[in-house]
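Got a structure for you, questions after.
For clarity, chains are labelled A, B, C, D, E and F in written order, and residue numbers in each chain start from 1.
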Amino acid sequence: MYYHDKRLQYPVRCESPDPLFARMLQQAIGGVEGEIRVCMQYFFQAWGNRAPTPKYRDMLLHTATEEIGHIEMLATAVALNLDKAPASLQEEGAADGIVGAVMGGGSARHAIEGTLHKHILSTGLAAQPVDSDGVPFNMSHIYASGNVAADMYCNVAAESTGRVLATRLYNAAHDQGMKDMLHFMIARDTMHQEQWLAVIEELGAEAALPIPNSFPQAKESQDHNYDFFVTSVDGTYPEGRWTRGPSVDGKGEFTVFRNEPMGEEPVLGPARPDSSAQAEQIGEKPAV
Amino acid sequence: MYYHDKRLQYPVRCESPDPLFARMLQQAIGGVEGEIRVCMQYFFQAWGNRAPTPKYRDMLLHTATEEIGHIEMLATAVALNLDKAPASLQEEGAADGIVGAVMGGGSARHAIEGTLHKHILSTGLAAQPVDSDGVPFNMSHIYASGNVAADMYCNVAAESTGRVLATRLYNAAHDQGMKDMLHFMIARDTMHQEQWLAVIEELGAEAALPIPNSFPQAKESQDHNYDFFVTSVDGTYPEGRWTRGPSVDGKGEFTVFRNEPMGEEPVLGPARPDSSAQAEQIGEKPAV
Amino acid sequence: MYYHDKRLQYPVRCESPDPLFARMLQQAIGGVEGEIRVCMQYFFQAWGNRAPTPKYRDMLLHTATEEIGHIEMLATAVALNLDKAPASLQEEGAADGIVGAVMGGGSARHAIEGTLHKHILSTGLAAQPVDSDGVPFNMSHIYASGNVAADMYCNVAAESTGRVLATRLYNAAHDQGMKDMLHFMIARDTMHQEQWLAVIEELGAEAALPIPNSFPQAKESQDHNYDFFVTSVDGTYPEGRWTRGPSVDGKGEFTVFRNEPMGEEPVLGPARPDSSAQAEQIGEKPAV
Amino acid sequence: MYYHDKRLQYPVRCESPDPLFARMLQQAIGGVEGEIRVCMQYFFQAWGNRAPTPKYRDMLLHTATEEIGHIEMLATAVALNLDKAPASLQEEGAADGIVGAVMGGGSARHAIEGTLHKHILSTGLAAQPVDSDGVPFNMSHIYASGNVAADMYCNVAAESTGRVLATRLYNAAHDQGMKDMLHFMIARDTMHQEQWLAVIEELGAEAALPIPNSFPQAKESQDHNYDFFVTSVDGTYPEGRWTRGPSVDGKGEFTVFRNEPMGEEPVLGPARPDSSAQAEQIGEKPAV
Amino acid sequence: MYYHDKRLQYPVRCESPDPLFARMLQQAIGGVEGEIRVCMQYFFQAWGNRAPTPKYRDMLLHTATEEIGHIEMLATAVALNLDKAPASLQEEGAADGIVGAVMGGGSARHAIEGTLHKHILSTGLAAQPVDSDGVPFNMSHIYASGNVAADMYCNVAAESTGRVLATRLYNAAHDQGMKDMLHFMIARDTMHQEQWLAVIEELGAEAALPIPNSFPQAKESQDHNYDFFVTSVDGTYPEGRWTRGPSVDGKGEFTVFRNEPMGEEPVLGPARPDSSAQAEQIGEKPAV
Amino acid sequence: MYYHDKRLQYPVRCESPDPLFARMLQQAIGGVEGEIRVCMQYFFQAWGNRAPTPKYRDMLLHTATEEIGHIEMLATAVALNLDKAPASLQEEGAADGIVGAVMGGGSARHAIEGTLHKHILSTGLAAQPVDSDGVPFNMSHIYASGNVAADMYCNVAAESTGRVLATRLYNAAHDQGMKDMLHFMIARDTMHQEQWLAVIEELGAEAALPIPNSFPQAKESQDHNYDFFVTSVDGTYPEGRWTRGPSVDGKGEFTVFRNEPMGEEPVLGPARPDSSAQAEQIGEKPAV
């Protein structure tokens, strides 16, 4: 179960509210690279963890719980960046003051409206669980496969795209408070990348491959499990680590195979009577 | 651009059609661990690839193109497994014959109907781009971040959950033809895991970390970038590779930090007039 | 604006409630071939209609309004089919009586539960705006392009897949009341197919093509606008009405063209500095 | 920020694992009436709260944090109910033992497979953030309008449908452990209904209406703001508290109004040239 | 069944078309607070209504039918606001005339394009069933639980967020015609809030609680059904109507309880063989 | 199975990158009228085709394969249009140079940011499988009904809305390279419209109707299958090809019917005990 402290994990300050930056920050809340995703992903991996030891369940809970605080920080940052935005278009000074200065032009009001309408209309100037285009986060992005090694790679993937996003936001930020918040979050993304890679290392690296390593590899085709398949019509292909030498898992040798049909043309035959296909598909005359 | 051969990459045969297995195979077509996902993910990574060399674009195209053939094989397998299913409930022998034998019970017809209605009703007994619960695939699962290392980890994640799924389907399969098809696809998943890990190795492994490695790490907080944050109320935590020793990227030392609020309680203040908040939020009396 | 009569457009009766059939009927309510779709599609086409005459707006309103009544009939049919289903598993006779008779087997209760849980849990035995797999209808399926000919083909498509679905439901129905309701709805689908085709005829058939016919065809490539493109690696292709003879619009001659690259390999070049790509993509050394 | 204790808020025990009940419990996790919804809704309402006092933000945080623990309990309950389910179809005793006993019939295996395939295939027998039909939770269901009274009604609505669902699950439960868990959660739903109603009372009940009460009611039409509009063609209507007497907010008098068009037929006129409408819509001849 | 009159319920006029306002109005059509939602919600509640009297079914039909007319008015308003928008960028005067005047700046054309592309590209300047960010309405927002009291609170919630949205649109409107249309719709929202609250009053207010009132409250935990649970680490909490005094339903006494684990750490144990977990989770050596 | 050539089907060149046009092009990639849709639709129709001859399967494969190349061209076009866009806001010259020139104003930077944030943040300046509003493509739009005539109308509908979109993009394009690419794609849309209409002609036009033509028309109601139903309250209706004369399929005569209730008011009766309805719905007193 869970507890809270109403203070934030790390300070969130914003000197120069920028409503467009608020919109960008939404990607880090409700985007597929965002914090709701990692938070819920770690929780579901923890809650469903089956293993002889509760060690990974425990570890996942620590980090999932930390991530709630990251959503909270970002939601606060969005609200602060909207702070000086006009709550309505009639409000005095809507296109002036700080916002006007930031925008620097006569069409400021409309540019803001064009970007912000959803925040004005639906939330009263607060964060939403949506991405920077207003698309709601969809929980199908919570990857929890029941295989801990697969899950760890999902987590590395999430933290890698997450840190890429966070550094882009850092590059886009003008406000010192925002930069400070992000430089903390980027550091946490570094650790989280490391953390999941550390688990993979602990799981034995090569020995963990191919995932799942509980499936006898003898049951998979031995003919093509380390072949790079070439599908170009002219048979050319780019050479690389993947075309020769020992495989990464140390269990095979990379080779190159020019892809070609080993199967036949599939023929499903006529449609079934009573299947409401067209009569010609069934091989009948049209019904009367 | 693209070409096709109407034959299949690998034989797809099914001796004992099993409509319930058809439903399961749908997860490998339209599930988030499925083949539409990897196919489209590799294509979009290829088409958007920016690099001094077209090498990775090229490689991605080979494998993306191969994956179209995998969707095709699975779609064929679904159709074949539905082959002896009743196209309608009036059809003679609906609950008998092969299907009845497979199902082995009087309520066979209803069990089939309960599971298959969507396939009967919407496709005339063919595959759909949906998962095994009938949920349509959503293209937000195509991860293509513009950072090749992040994308490779996304690909390893996709092929890991994909191979976990394929082995579960193999374990669920009774038909020899299905097992043969899957033992080929599992082998290809092995290679694809290896292939993306080979790129990561080529990108320098440690040197690639933290992702993105083009962002000066000096800009991230140096205080907490290799700290495991403990969020348990009693301060206990599970020890592991992630709590001490050199970090995986060789650039830091894992330590443990007991999480506590470094920020303050965020106070957004009263709602704006004209924001259609409740009067009490604005600090006004109700309007008349 | 709109009015209602609390009676149904056509009688909906059900002698032998069948909870599994209720589930199937959902496809005709919230499936992409269903009645919510056509109802809302005709409304949005009407409301946005721009033309020198209000004629098509008017006609669309008549049929859109009729379709509300079809959703109503189907929703009623779902409720009636659930009528004797157990509201909970504790309820006396849950697996017996009519339901048991219909199901005819000891595992009846679980089969019903397996299929009906959502209806039991979420609606108290009523219809929902979801398809037969429980997937909610998504309004992106409302096609209204602003081009009346394109919209009419969308409508023919909707009524064709709709009538295919309705006939499959008819084939699946055992109850005389359900068959009667469906034989009425299938007749309406016939008329609606005809109706949209009649508009296309009124729009001039050949003269309406290619859609939109307001775009000067001289602006499109004259080299390939009536060519069937062959993409098979061996150049074989199926002959048909589409490979020779005058085109359907009477404006060209069908020919066959073997597809080949006319463009070059696209090279996007290195990633931009500050784009959070991997250093190698930018052509830099990893940052420190 | 947040803390956790790895123990559960309330005991979750399951004597007789029932995989079908696991599926039902999913509705309480990822259904629109479920716990992810209330948890995230309260969090986003708290984080975006604008008011002269942090009181409601505080209160919302307490309950949002409690709700994480409810998702955790349900996720644990799902895993326990799947505990004896076959992990694969080859596994010894798949259709026997406890599962077989629960199912009580020869087609047990297929009924389980039909219901459980997604859990077997995608999670390795754990909970997912999806509803009982496998539809992923979509964050658009997080209602946080920036108006505290509107939000409180959203919360009452969520806890009312939530308690309805929980009692249906209680009625469906056979296992004593499950009943015990649910009897605790139902009690919490009672309190949460009460809690949000208490806030509404504190906000002044009548004085809070109509929501938002910061919009001068003088600006709304005075002609129809307390009229029940009758849309039946024959003008009949059901009498009730809403057709006469003082309005609930004490600011008006309920009356009945027979709806009729006050506006005109909207005529949008011809389509714009260059808008790719059909030529007839523009009032032109087809282009050549 | 249903009828229509091609005139509008209330006049919709627009003197100064504003394409950005068109975009905002979309939120009231296809947003979760919008008119499609209430229309369809009331219809599905009516069609599935089970009660000894048809009274509530009747009433719901009146208002659902009225709401179709509201979608129609808003769709008309969107079209009128797009009326002077450029249908394409080549169209003469695209950035000039009324639009230019409204926008008042050199980058007008691009600002319009940036905001309007979807309306230009997909509809030929008409309304769509999407929100102001272009996200299609999803029918999972149709709440119809089978419990009339729960449904009434869902309706109050819908009309409260709906009126909040409508007043924000009113505040954003510049055009007198738009203000007039909205001042009518806001009045209808007032009545609809009142109407559902009147039903709740008719259902007995206190006697209706807790919802569902047909579930014997004796079956819920008596220990915590009127306790405010405190989850702050330091045990502090905000006092309010919800921490002491009689409960709103008059059946209990509010008290405060400091939340703490009553359950134990859940231990799911090792993964099942054949479940495609990682070998370490099963407690085996990696397969060969 | 499939092959690729790394060159494009047709040249894609862009002299004057326009980031806003990139956003518009997204509609042709991931919009419901776009290329992913037709590509996947033709593939699934091919893979599930049941007929006495593989002819239509073959033909569909040719065109589906061609369409992959169209997605590729558009994805390349998006990347090229983003080529000179700022990768971050700090990047030198972000608001200057080509972009500044195109935008022509001081608020250029913000207008770009407002429109492009998602492309900057999530892809590093590349195409995504989303529409021009950033909404991901949803595979429920892949229509494949198992009835070839219904599918052909779905294809005509797709290519009609697709060509409408492409001509709107052509009208919006300023760059000669973009116009050239589009004039090729528009020509292909022409052919694809023709191609599916040619199949319909081959299927016998009138003989194909009503779809499905395998369902004995004698089973549908003979009373209303060629009646235009009038739903206006005053009985007026627009005359047209659909109100009199022989039906399009030559099997009936169009007539007009004034719609009126043929059914009765549906009465579902009281809610079931144990269904968690409100006590009043069951006809009981509230439980204690």
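Before moving on, here are some points about what is shown:
Assume contacts are C-beta pairs under 8 Å (C-beta built on N, C-alpha and C of every residue); 3 or more make two chains touch, one makes a residue touch a chain.
Here the structure is a predicted model, which is why all the values come from computation and not from measurement.
Note on connectivity: the fewest chain-to-chain touch steps from chain E to chain F number 1. With steps allowed only between chains in touch, the distance from chain C over to chain D comes to 1. Of the chain pairs A-E, D-E or A-C, the one whose interface repeats that of E-F, sharing more than half of its contact pairs by residue number, is A-E. When the interfaces A-C and B-C are ranked by C-beta pairs in contact, the top one is B-C. Over half of the residue numbers at the interface between copies chain D and chain E are found on both sides, making the touching surfaces mostly the same.
Spacing of chain A relative to chain B, judged by their CA centroids, is 11 angstrom. Per-chain CA centroids place chain B at a distance of 25 Å from chain F.
Here the spacing of chain D and chain F, counted between their Cα centres, is 30 Å. As a whole-number value, the distance joining the C-alpha centres of chain B and chain D reads 27 Å. Each of residues 1-9, 32-33, 47-50, 54, 58, 61-62, 65-66, 69, 76, 79, 87-88, 90-91, 105-107, 111, 114, 122, 124-125, 130, 133-136, 138, 140, 145-147, 149-150, 164-165, 167-168, 171, 211-212, 215, 217, 231-233, 259-261, 263, 265-266, 268, 271-277 in chain D touches at least two other chains. Viewed as a network of touching protein chains, the structure reduces to a complete graph with every chain in contact with every other. Every residue of chain E that touches chain F in the complex is listed here, in rising order: 1-6, 47-52, 54, 87-90, 105-107, 110-111, 113-114, 117-118, 120-122, 124, 130, 133-136, 146-150, 203-204, 207-208, 211-218. Per the touch definition, chain F reaches chain E in the complex via residues 20, 23-24, 27, 31-33, 103-105, 107-108, 111, 114-115, 131-135, 164-165, 168-169, 171-172, 174, 231-234, 259-261, 263, 265-273, 275-284, 286-288.
Contact residues of chain E toward chain B in the complex are 164-165, 167-168, 171, 233, 274-276. Those residues of chain A that touch chain B in the complex are listed here as 3, 5-12, 32-33, 54-56, 58-59, 61-63, 65-66, 69, 73, 76, 79-80, 83, 87-88, 90-91, 124-125, 135, 138, 140-141, 143, 145-147, 149-150, 153-154, 156-157, 160-161, 163-165, 167, 170, 183-184, 186-191, 193-195, 197-199, 201-202, 209-212, 215, 217, 219-233, 237-238, 240-242, 247-249, 252, 254, 259-266, 268, 271-277. Contacts from chain A toward chain D in the complex involve residues 1-9, 30, 36, 40, 43-44, 47-50, 54, 57-58, 61-62, 65-66, 68-69, 71-72, 75-76, 79, 122-130, 136-140, 142, 144-147.
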